[in-house]
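What follows is chain A paired twice: with chain B in the first complex and chain C in the second.
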Partner chain A sequence: MATVITNLPSSKAGSVGHEVPRSDARVKLSGKAQFTGDIRVPGMLYGAVLRSPLARARIRSVDLRAALALDGVVAILTGADLMDMDPYYGHALKDRPIVAIDEVRFVGEPVAVVAASSLSVAENAVNLIDVVYASESPVTSLQAALLPDSPLVHTKRARPGFAHGLGQLPDPEGNVCYRYGFSKGDVSNDFVQAAVVVEGEYRFPAVYQYALETHSVVADHRGDEVTIWASCQHPFLVRQEIADLFDLDLDRVRLIVPFLGGGFGSKSYTKMEPIAVAISRKAGRPVRVVNRVDESMVTTRRHNMVCRMRTAASATGELIAREADFWLDTGAYADNGPRVTATAGDAAPGPYRWRSVRVDGRCVYTNTAPAGSYRAFGAIHLQWIGELQVDEIARRLQVDPLEFRCRNVLPVGGEVRAGAKPLDADLVGDLRKVAAAIDWGQPRTEGRGVGLSVGLLAAGAHPVSMATVRLGADAGATVLVGTTEMGQGARTAMAQIAAEVLALPSEQVVVRGTDTQYTPYDRSTGASRSTTVAGKAVELAARDVLAALEETAAAKFEVPLDRLSARAGGVTDGERWISHQDLIRARFGFAGGELVGHGMVQPSRGSGSFAEGPVFWEVCLAAAEVAVDPVTGVVRVIRTASIADVGRAINPQLIRRQDEGATLQAIGNALFEEMRYDPEGMLLNDTLLDYRVPSALDVPERMTCVIVENGDGPGPFGAKGCGEGAFAGVTAAIATAVAAAGVPMQELPMTPERVWRRIQTLGHPDREGEAS
Partner chain B sequence: MKLPQFELHRPTSVDAAARLLADLGDDGSAFSGGTELLLAMKLGLIKSRHLVDLKGLPELHGIELRPGGVWIGAGVTHAEIEASPAVRAILAPLAVMASQIANMRVRAVGTIGGNLCFADPNSDPATFLSAVGARLRTWVRGESREVAPEEFTVGPYQTVLEPGDLLLGVWVPTPPPSANVVHLRMKIHERPSVTVAAMVEASHGEVVAARLAVGSVGPKVLQVDLGEELRGLGGSAYSSRVGALVALLAGSIPLLPERPESPEYQRHLVRVLSTRALEVGLAAATSSAGRPAQNGGGEA
Partner chain C sequence: MTAVVLTAMVNGRPVSCSIPPNLLLVDFLRDELGLLGTKQSCEVQVCGACTVLVDDRPVSSCCFLAADIDGRRVQTIEGLVDTPFYERVAQAFVRHAAVQCGFCTPGMLLTAKVLDERGTPMTAQQLRADLAGNLCRCTGYQSILDALEDALGEGPQS
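Let's look at the complex of A and B:
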């Protein structure tokens, strides 16, 4: 029976704060991990998608006869099959049909989907579909879309989606589908009074998230229910959207999410799921739809942007006013564009003590592939611009950029934006740490430049997450939580949190993928929220289990509850110890059973922290040193330092890997990644041969991640999220470093040719006259 | 984008392979490492239903040191060249050049023959081999022939070979003892955007012979013999003559249309890399006179 031990086991169990190895490393390295593309369901068909070759056209006719005649073709879906339903979806704006109806709006838009007995039959059938288009002249750039007489990409007024969360939708103006802005103070007057004003127009390119795994779905629609295996980041939001779209009960839509081969936002919200469900509905059998890379590149991307910004300072070195107007190209459908626009707007002022600010952002439709979320969206768009201007002002006032920032950044508790959570991070402390990490102020070699950047990103999304922890009779625990493991190590971190509370070794805690039928609700995996919000739910669920254990132990030891704590896989009152296993046995009176705990995070329940938006301000703070070759224009990133202001590091190793990954993506976004379109809206570089992503050869000589633990986060043990901040921070730091090397750039990526051209127009690396 | 069905043939002699390919005509393709071929087939750019595997032809394998140079079979991979002691012994820059091609996976299976026969303009070996005066040995309608690399390529993705013709290998002559070879490349995307190779032979700091090859910008490699122009020059006289010649060349070299980089920038790079290659070539030839050329290549 229950053994009570009086020489207490040592309590080295502590899991949080330790560099616990990734629980998914072994299955992934041995090739045994299951991804959506590995899934085979009995009776499954293979789907292939016919995509539009034109950016803007009316569909005159679709002839399926030859394709249907092909042996092995089971069904073909076109817009005509969607007449019995409301076929439009979109979580922000319900503007997108499952497949094109009567017209196409971008090159690559799905026009038909074939389900066949094999992929090659399906692909052959796609080639046999005869579509007659009447081409119209497309709107393929922001500039064209904003002309007063531009054709409209959408002529119908968009309806709000189920999760737009952006208040009253404004009246549409031309191709602008969403507008976000705010202002405070008297901007015009402050600019007149200012001693120094810097202004300019800046450009950010369209880039692809480039997760290794493309969008993959297997859908099985039968009767009034559907099961979907999908590479999606937000299974519960996809469930909701599919239920709405196909008029099914929520509990009849089941999403199963295995490992994701990377997400970075490209798999947030609904992507290829509606197509897969619709073709399965038509075929009456499960259908698998797996994108090729070139198809995923027209499924989602990052918004390209044009921004006009100006910043004013006083002669005594105070930043006083900023104005930003920007236009984000969201492509043919809004996708997450409205949210990206709002987040960009929030990032536009930067974390400074402004007297006045005016921000006006527009989300614009064009006839290009839809743009959505990508790691650090919004902040990455605006931070480099604001920080270049801050540097230029510091240069003109002959103040050290570090001191200039320290003097002007918001203090802890400062107002970032009216109505939002006050600043919950120590930016001056962070700035000094990152500067030390890059040897700020040390003499530099010729041709080198060092730059800093600081910004904030509204993180956490909507704080609604639940979790369940089951402690079995063998004292192993299982965590049910809806966070998607996409390479960030979420399952490891969740295991550590539960292990910490229950004083178990983290290997004894199992975390599996989401199955919405069994896994409790979690809003999403994105916005750096999982460890903070879902992690808090896991902590609460584990505490719920612990409470039950302690209840039994209290009766057993005949001590009050407050004398008890978890220790080394059991519970102790400080003198005696009993294992979880024995407590479960004692509780139920036989060798079985389990304890189940529930945890829930919701805005109204939070200790204030979850009640105010954002959940936390993610600090985007970094430094970089670059070498610029004035002859070829080649920029090399020599080293970087980033701040992971995480409140409490659940797993320092996972945090460093986040910042390293973000740093490499930042190098790609800053220096070479760019989707190029021809005037007809055709993507020119849809393979890795000409869309260059960062490789091992681009890794800087040194990447330092400074982990800051001030215990000031709303998450478990004082934690707050990370993983996106470094992306915006390092991108901006590379831009300020290149400027410090003498070449202030106003367009990303800073390709060799652009840098070379800039050097030509500057005449001399010792620049003058740029921003006026 | 799945690989279409095809039939694989595995001949064991050059003659059999050539005859098979001649019979198949457009329906057949020679198949070495497949790094270009299979990709092009997946993209539907090549529609051959028969692949004739050349890996079983002994004649196409091996790197051999022979009097006056080194013989490299068409089926030799970039990785083999990179690691070859024979190559390193007579022309180390060739090994360095091979080590910069693509990535480890492509170098492990991709062959020098496949590179030259595919005739992608963005080729390192094509440029390098032109500068060092290499000769390609081909098998044309049952006969063995020799051709200069810059004549082998007709234009982008086009060579002098007809269906049934094969590339057997490459003959690389040992450079004169006082010569130095420099290969430079600028890589902006996956493949090099500009490749430049120079061979400069000098005696007592003065040029005896010089050859420059510029590739990856135009439809084919441009090779120019600068011996006449530069002979006897050294020091600043050399530099200013090089400056003038290279400016002329960069301004007039034919460029491929529709590149991500502008013509202006490409010409600038041609000028910068050519100047650098010729300058380094002379400096190194002078400092290493009497020793085999050891100077490697570099990434701009």
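Let's look at the complex of A and C:
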């Protein structure tokens, strides 16, 4: 179901705003779409990784003799092979060696990599490598890592990475590798003065992104060049990291990105690429490394978290103060943990008019698998907590939760955080729309609960994107843009944007995958930035082409430039029309040549709003209705509604797919997904048999995506991104709905056992401590 | 290990070769026959990305020995694309934008083929249950369910 609300005129060219079919649908349906694991390079070897069975140990010795003796084994990489280079990487903190050097820090850490003539030979060789470890007591929980006498996961201070984007990094304290906080006003005083205070401690689980395609790389290192085919979201950042690590010139590192079988953040930044390049360097041949699911689960995951929060309100129903302390478990290496911590900090206050706020977040090392990006990170961690407290205050003040929020949310232009971009969305309007979509205020069946949630996610990452548009002699256009197509429909949206400017049918615009040798720079695919930032670069590049067409048309028609515009595959002055094809012929004097346009988005130029951080505030706003079975503790999501506050919908159908996909992931994260570790740091549920993700049976009876178009985004045609907001919004709405059904939970996922136990403590205040 | 001699029909073409007895069907299809449309993900028969049809029944080729297709018929996405059913279901998937990353899609279509051949009308809840063996992390399933309702409810049985 969809509701499209627009005050904008429909586009002249008829591309933007329309449900143009995905350009890649047919190739994917037919099974012909190429993913990294489908690539076969001549001379290619198969890689397999030996991973640590221990969470914390010294490596005493590594005996490769039996493995090397196996027929078909070409090379084996260990830490000893990395002595001629600086083997540490990490875009935030350079804390991670390509493979373990002298010590291991989590179960699953790569210790050695075999390259062999076939995968089965490589796997057999892995089993023949004899490593002697001296085990040490691991630090496998946040609680243990934060003890004053906890062993340190890292004894040496890591150097800052090349792309942390966090300004001056604070000194590490114990196992805390990064800290982010801010405050305003007099929090202590406001809590003393408050009429209502709600506080609690909350837990959020480690979860696995589960892109169906696991991390996959083929690397071919020859001389001073390397070519890498990789399932990566951030090819240009990976290129930079590989160039740094292997001391290669940037333009000698070539990243080619085929279709991705899902990303969701799991393929952001550098993952398996350094291992693949290092083993190729050693073997002198191209090597393919494709993870199994259990390996991808220990390659990256979502941060588990503990949070203490309290919220204060006045007797007259104003939210006045909030404090949040939280600790994110980033595992053995920082990965994107510092950014996740900062984004969580920005999400902690929620979009309300606080008199005072204090936020203090810590990113903590433990001896577990590294945690990084996963869709809506930070916002999803904090929003459900803040929104549960807002609802509890509304309940105590006997105010309707919708009216309470409408009264307290920030207005357009309100200060979200000092120094950040003011609020660029109409939250009251969005709240009213989502409430209408879920029939807010209607009587409910016993055992049902309806909840709302509103939050903001700092989106857009660093706004640096370039694009090139080439218009050929046949008036077909090719867009070169570094956005990774990972299922979201980026190639279709980019084609629509260029088609709109040039007044072409969008199927006449081709968008291919990134090849860093030819595709201009794009910072990354993530943070809901592609349509907004890369899309703006595509729009500008197409306008550059259009300017050249109009220049030729102006000469031909002998009219000033401002009389001309693109229409129906050509240029018109309102009376006469000439096709792009004829303009190209007129310009070059023969049936060849092409027009090439460039577009660039950078922080200090273009639309002024790219000069402020974040690029935009992604609205995380949703509602849910749930049924809670008091006998079994089973929670069922009956229906959901989410807001896609996108400024301008380039393709409404693709937006709905984003919100529906996010809704199912939210149901998993809220109700059953959780990576469970034993005390020794071993992941207990490392297959999809034990780690359940949502199936078709988990689809709610109804999912409504309300698309809001206020033209208030900094992207092309007033667009701003989407796709993450619904994840944080729906997760929090499920939590507030379960609370509205009478069961306020302080730990996710809300498994039947946890919900049932919580129900048993309700009405028994002395047993409240047993709740979670 | 002693090699096994295998004779089967794959996508309507006879295949005869000698393979290791422990070779999995998914690896046989992808690495020996170059049929790369069959995808591998979970390796434990949960996700359905590797679904192919053996004698018209869906199997997870990640947990099925290639040796066990001896004397049988196998259909993969490459063999489905030329059928009228494929065109019908593909149009419905395009119409509903039920394809996102595309990694689960070939397996979904082979499951859909089985549902289509079964031919009996089904409720929305049955369709969900029938699709529960094919995971998709992108779409949220609704568009796939809608596309299947369209495709399985229209046109002659192929």
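Just so we're on the same page, the second predicted complex is superposed on the first by the 749 of 772 C-alpha atoms of A that agree within 3 Å, B and C clash if a C-alpha of one lies under 4 Å from a C-alpha of the other, contacts with A are read in each partner's own complex, and residues count from 1 in each chain.
By our rule, a residue touches a chain if its C-beta (ideal position, glycine included) is under 8 Å from a C-beta of that chain, and two chains touch if they have at least 3 such contacts.
Just so you know, these numbers come straight off a predicted model, no measurement behind them.
Undergrad: I'd like to know which partner A:G17 touches here: chain B for first, chain C for second, both or neither.
TA: Neither partner.
Undergrad: Looking at A:V631, would you say it contacts chain B, chain C, both, or neither? Reply first, second, both or neither.
TA: first
Undergrad: Counting only touches as set out at the top, which of chain B and chain C does A:L689 meet: first, second, both, neither?
TA: Both chain B and chain C are touched by A:L689.
Undergrad: With both structures fitted on chain A, tell me whether chain B or chain C touches more of chain A's residues.
TA: Larger number of chain A residues touched: C.
Undergrad: Of the two partner chains, chain B (first) and chain C (second), which one does A:A33 touch, if any: first, second, both, or neither?
TA: second
Undergrad: Could you say whether A:R292 touches chain B, chain C, both of them, or neither, answering first, second, both or neither?
TA: both
Undergrad: Taking the superposition as given, does A:G447 touch the first partner, chain B, the second, chain C, both, or neither?
TA: A:G447 contacts neither chain B nor chain C.
Undergrad: Give one of first, second, both or neither to describe whether A:W756 is in contact with chain B, with chain C, with both, or with none.
TA: Once the two structures are laid over each other on A, A:W756 reaches chain B alone.
Undergrad: For chain A, which residues lie in the overlap of the chain B contacts and the chain C contacts?
TA: 292, 688-689, 695
Undergrad: Looking at the complex, which residues from chain A come into contact with chain C?
TA: 19, 21-22, 24-35, 37-38, 210-214, 259-264, 292-293, 486-489, 653-654, 656-657, 659-665, 687-689, 693-697, 699, 703
Undergrad: For a test of understanding, state which residues of chain C touch chain A in their complex under the given definition.
TA: My answer: residues 36-44, 46-47, 49, 76-78, 81, 86, 90, 93-95, 97, 99-106, 109, 127-129, 131-145.
Undergrad: Note which residues of chain A are touching chain B in the complex, please.
TA: 119-120, 123, 292, 294, 629, 631-632, 634, 672, 676, 685, 688-690, 692, 695, 751-753, 756-757
Undergrad: Quick one: which bits of chain B touch chain A in the complex? Just the residue numbers, please.
TA: Counting only chain B, the residues touching chain A are 1-2, 4, 103, 186, 188-191, 260-262, 265, 268-269, 272, 300.
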